[in-house]
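After this come two complexes, each holding chain A, first together with chain B and then together with chain C.
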Partner chain A sequence: MSEQVLPFYLVCDESWSMEGPDGVDAINGCLPDLHREIGSNPVVADKTRFCIISFNHEAQVLLPLADLSELTTMPAMSANGGTEYGTVFNLLRSTIEQDVARLKQDGHQVLRPAVFFLSDGQPNDSADWHVAYQRVIDPSWSARPNILAFAFNEADEGIIKQIATVRAFSYNGTLKPAQALQEFAQSLIRSIVRSGTSGGADGGMTLAMPDTVPGFTTIPADVV
Partner chain B sequence: MWPSGGDLRLADLSLGAEVGSGGQGKVHELLGAGGGHVFKEYLHPATVNGAALKRLVELPADLNQTHREALLRQTAWPLARVLDRGHVRGFVMRLVPAEFWGRAAPGPKLRELQYLLYEPKALWGDIAPPDAAGRLEIARGTVSLFRLLHANRLVVGDVSMSNLLWSPAGNVFLLDCDGIRETGEKPVMAQPSTPDWDDPEQPSTGPDLDTDRYKLALLVARVLAKASALRPGQPVPFAAGVPDRIAGEVSERFAEAARPRGLRPDAAQWARALDERGVIELDPLPPVRRPPSLPQAPLDGRRGQRPMIQLPPA
Partner chain C sequence: MSSERLVPDRPDDEWRPVLGTVAPAPPQLPGEVFEHPPSYRNPHPMGGVPRGLPRSDEAVPDTVLDGADFERLVVRAASLRGDEHRYYGEPRQDSVALWPVTLAGGDALVACVADGVGSQPNSHRGSALACAYLREEVEKLPKDWTWDHVDGFAATARWIAMAMENWAHRHDLPPASLSTTLVAAVVEVAPADGRHRFEVLRVGDSPAYLLRNGELTEFAPPRSSEGGILDTATDALPSHPSAVRTVKGDLGKGEVLMLCSDGLSNPMRSDEVRAQLQEWWTRSDEPPGILEFGWQLGFRAKSFGDDRSAVCVWAR
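Let's look at the complex of A and B:
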């Protein structure tokens, strides 16, 4: 029997406005927690994979899809540049395509990937990003991911709702920005742990998504 | 001894830190009179069958003393329901004993069965999986606990890598006991399932004793093989040091777990397979001897027939 694997993608804005302790520093501070929690849970580490893609006006795969228990270092995010969504969605599509093909080659049964998308600004390519985004959610693409989108600080709630395919969250100011980002990271950790250990009716894994995240207001994703 | 019987009121509990959370509820440490215990608070109390939970709480009193003590020592059994304004909100159970806690990289972690199924990693801290002798001890302890539960018609249901704990001394401790149900009775709530721990032949009505037997087979073989996804029908790649006799018998029983429902090995068979003392092979019995055919004394009428009373004509 092939082993099921559920890939998670953290797609995080690192434009200049994310600079400092209320931005990428808070996320960077949570990455060791994520590594320790997932890496010390053998079943979850075995059944999930984790990738970090960061973006500003460019996009890059910071951490290629990996078994977290195998890692000894993780690249840090560093803020600068503008905000463009088109390039990151193009990269997300091609990265998922390659990752899924490789996992299948290794004999895994790959579950629909989950994307945690976080942005704090408005895209400078507002006229163009939809084309790249449509390729990510293309119904004819079997590996199209489930997307949970988080609007932080100045991000446009309307745009985040368009990006989310299952659920969106909007920063509501009830927590300090750094605390809210920690809660964002915790929701990601919990989602990975619970997905790796909770079964569906057929005995396989299911994606466990957060219903609420402290510091954020849950908003339904747009129906497309 | 606390709790002293009967339901508890939420308002009377002194809640400490949250020590865990899962799909069904949160677990809070209890302070004051409830020290040494925890409170499991259901996330969706409306879905809880309060009568079934009450029955579980009362069940140990119906067991004989040996079974009762063994059950309460080896499980986080529900000890009292917790009500809020008359509605069930959760229950109280004992704190997991210290021997079942390890210290991993993120902090204290329960020594879950899953750590026996993979190659150890530095992030596991002092959770060091035992050698073959230790694994056998854990398998025996688990089988013994299942014998006790099944002898009392108790179905565990969600047997998995997360809800059975082990200690370096070879003891075991069962969690999530509110998922246990008596045969023929309804469960406290819909039973969760765990990936890779499903019974392909589980009836649509939910897990039963036969499902438990299948999962017990998975547990024993996976612990002895350090394998997380082994299934009946596959050979068991035993960890180095498992005695040949035990390996042979466990392999046979594991293969039998692939048979149809009703024919899977039960806990008693697993206990024999894992027993160090082994079994004495007995020769086949000689053919049954027939009684000799001797002359029989003549009786009035045919042998075995009653004498007949002749009645005068009416």
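Let's look at the complex of A and C:
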């Protein structure tokens, strides 16, 4: 039996600078909320899938693309290591490719995936990551995702703008770091809920994006 | 509360608790004696619950059922609010309509399904208007009209779009807020030779099918998108009247013409759903009653929460 599926990817920096209550702890604290809110909403639970990819100088799929209403536990992030973008974009491309292929093989109708990307630092591989990133947004790749990118603390606003394909957000200090990260998680929850439920401008399910996120300044994405 | 009151229809020995079980079975409420339509892939139990009535200017009922049994033609129409609109207390955006008209001196049936575009605030009005204006345009067709009119439907679509735009201006609304698809058929009610001629007009992704020899076949199906990401964009009225597509044909005894919204055609991509509908609707000697037809469209399938509408025309 076929289903309509909207896959979400949380791609989150867990380098050492994200350590503690003003870092990964704040996001870890919000993941159960995400789990609960999505799981209890029948409209969203039935058609969204959620994946967590975390990265420092390495990248790993922390939570393989899952139906949140079928999960009983959520993995937590843990900070250490440096920050590299090339590895995580390579992993993101291959993960989406495999997920979409598997969903299609199971007979599902797949909507364009959505990526929420958050980083708090400058990539150490500044010369190399663009190549991996270009493969993620390759216009000839039909499953290329919509990307919302969030710059936190020391992250370079200019780089985050390059990464976002639809909208970027930059931490502006108006909220404490932990609160801002909670707002980031809330914006992810709201986007999932509204994307699963509201028709897009063209009549189908599409990504519902936040216009503003408290604690962050909205910046238009660079046109790609 | 005693469990006896919860299960009034069962003899004592069936509901009496078994010693040693840990969790009690969920109570069987009296309403559950109703046989629910089929359910596919275990959709969320709260999914179909209508949690509110829509706040809209005019009543948009949750469900519309209609039908008629002509001597040699049976028609059934149903439009059901989707699980998502029910859950959020929002109006059904699909419309269906059936009208008798006189065409070229003979009786004809006008049947339509329109699917208001999801994000547009007035698309439930738009879908109803598209159906109503279609009927007006069909009634204006000239006396010498023949069942070879498909080219003329391009003008019909333009007039419908124009009438919708005028309506929007009169009500001070952006025309695009009415955006809707439309699939409509004009069917001969009592043909001399026993084959019911029909013509279909379509704008957007609401399809038409022919059920023949137990198989539902879509007229002019869209090419599947390369790479497999679902393309949700659709042409719509009043913006794209030039996107009109037409088809003509005839219905012999035992055949069915089916028009629907993508709230039905999307889950129909599953073999189980399609096979069930084919089985129900192939029995042309005994098409479903009006309520039964609505029940058949009321199946639930995980992740398919869109409004669901269809018209079936059986030749007999």
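The rule is simple: the second predicted complex is superposed on the first by the 218 of 224 C-alpha atoms of A that agree within 3 Å, B and C clash if a C-alpha of one lies under 4 Å from a C-alpha of the other, contacts with A are read in each partner's own complex, and residues count from 1 in each chain.
Basically, a residue touches a chain if its C-beta (ideal position, glycine included) is under 8 Å from a C-beta of that chain, and two chains touch if they have at least 3 such contacts.
For clarity, every value in this text was computed on a predicted model and none was experimentally measured.
Visitor: Putting chain B and chain C on the same copy of chain A, do they fit or clash?
Guide: Here chain B and chain C cannot both sit on chain A without a clash.
Visitor: Which partner does A:Glu58 contact after superposing on A: first (chain B), second (chain C), both, neither?
Guide: neither
Visitor: Contacts for A:Asp106 in the overlay, against chain B (first) and chain C (second): which applies, first, second, both or neither?
Guide: Neither chain B nor chain C is touched by A:Asp106.
Visitor: Between chain B and chain C, whom does A:Ser69 touch in the aligned arrangement: first, second, both, or neither?
Guide: Both partners.
Visitor: Tell me which partner A:Asp138 touches in the superposition: chain B (first), chain C (second), both or neither.
Guide: In the superposed model, A:Asp138 contacts neither chain B nor chain C.
Visitor: In the overlay, answer first, second, both or neither for which of chain B and chain C A:Val5 touches.
Guide: In the superposition, A:Val5 contacts chain C only.
Visitor: If we overlay the two complexes on their shared chain A, which of chain B and chain C does A:Lys47 touch? Say first, second, both or neither.
Guide: Once the two structures are laid over each other on A, A:Lys47 reaches both partners.
Visitor: Quick one: is A:Asp33 in contact with chain B, with chain C, with both, or with neither? Answer first, second, both or neither.
Guide: The answer is first: A:Asp33 touches chain B but not chain C.
Visitor: Scan A:Glu97 for contacts with chain B and chain C and give back first, second, both or neither.
Guide: neither
Visitor: Taking 4-12, 94-102, 148-156 or 184-192 from chain C, which overlaps chain B after aligning chain A?
Guide: For chain C, the clashing option is 94-102.
Visitor: Do chain B and chain C touch any of the same residues on chain A, and if so, which?
Guide: Common interface on chain A, chain B vs chain C: 1, 3-4, 42-43, 45-47, 69, 197-205.
Visitor: Looking at the complex, which residues from chain A come into contact with chain C?
Guide: 1-5, 42-43, 45-47, 69, 100, 104, 107, 109-112, 141-143, 197-206
Visitor: In the complex, go through chain B and note every residue touching chain A.
Guide: Interface residues on the chain B side: 22-23, 104-106, 109, 114-115, 117-118, 121, 123-125, 160-162, 192-198, 200, 228-229, 231.
Visitor: Chain A touches which residues of chain C in the complex?
Guide: 40-41, 43-47, 49, 83-84, 87-88, 115, 117-119, 179, 181, 205, 225-234, 236, 266-267, 269-270, 272-273, 301-305
Visitor: For the complex, which residues does chain A have touching chain B?
Guide: 1, 3-4, 33, 35-37, 39-43, 45-47, 69, 194, 196-205, 208
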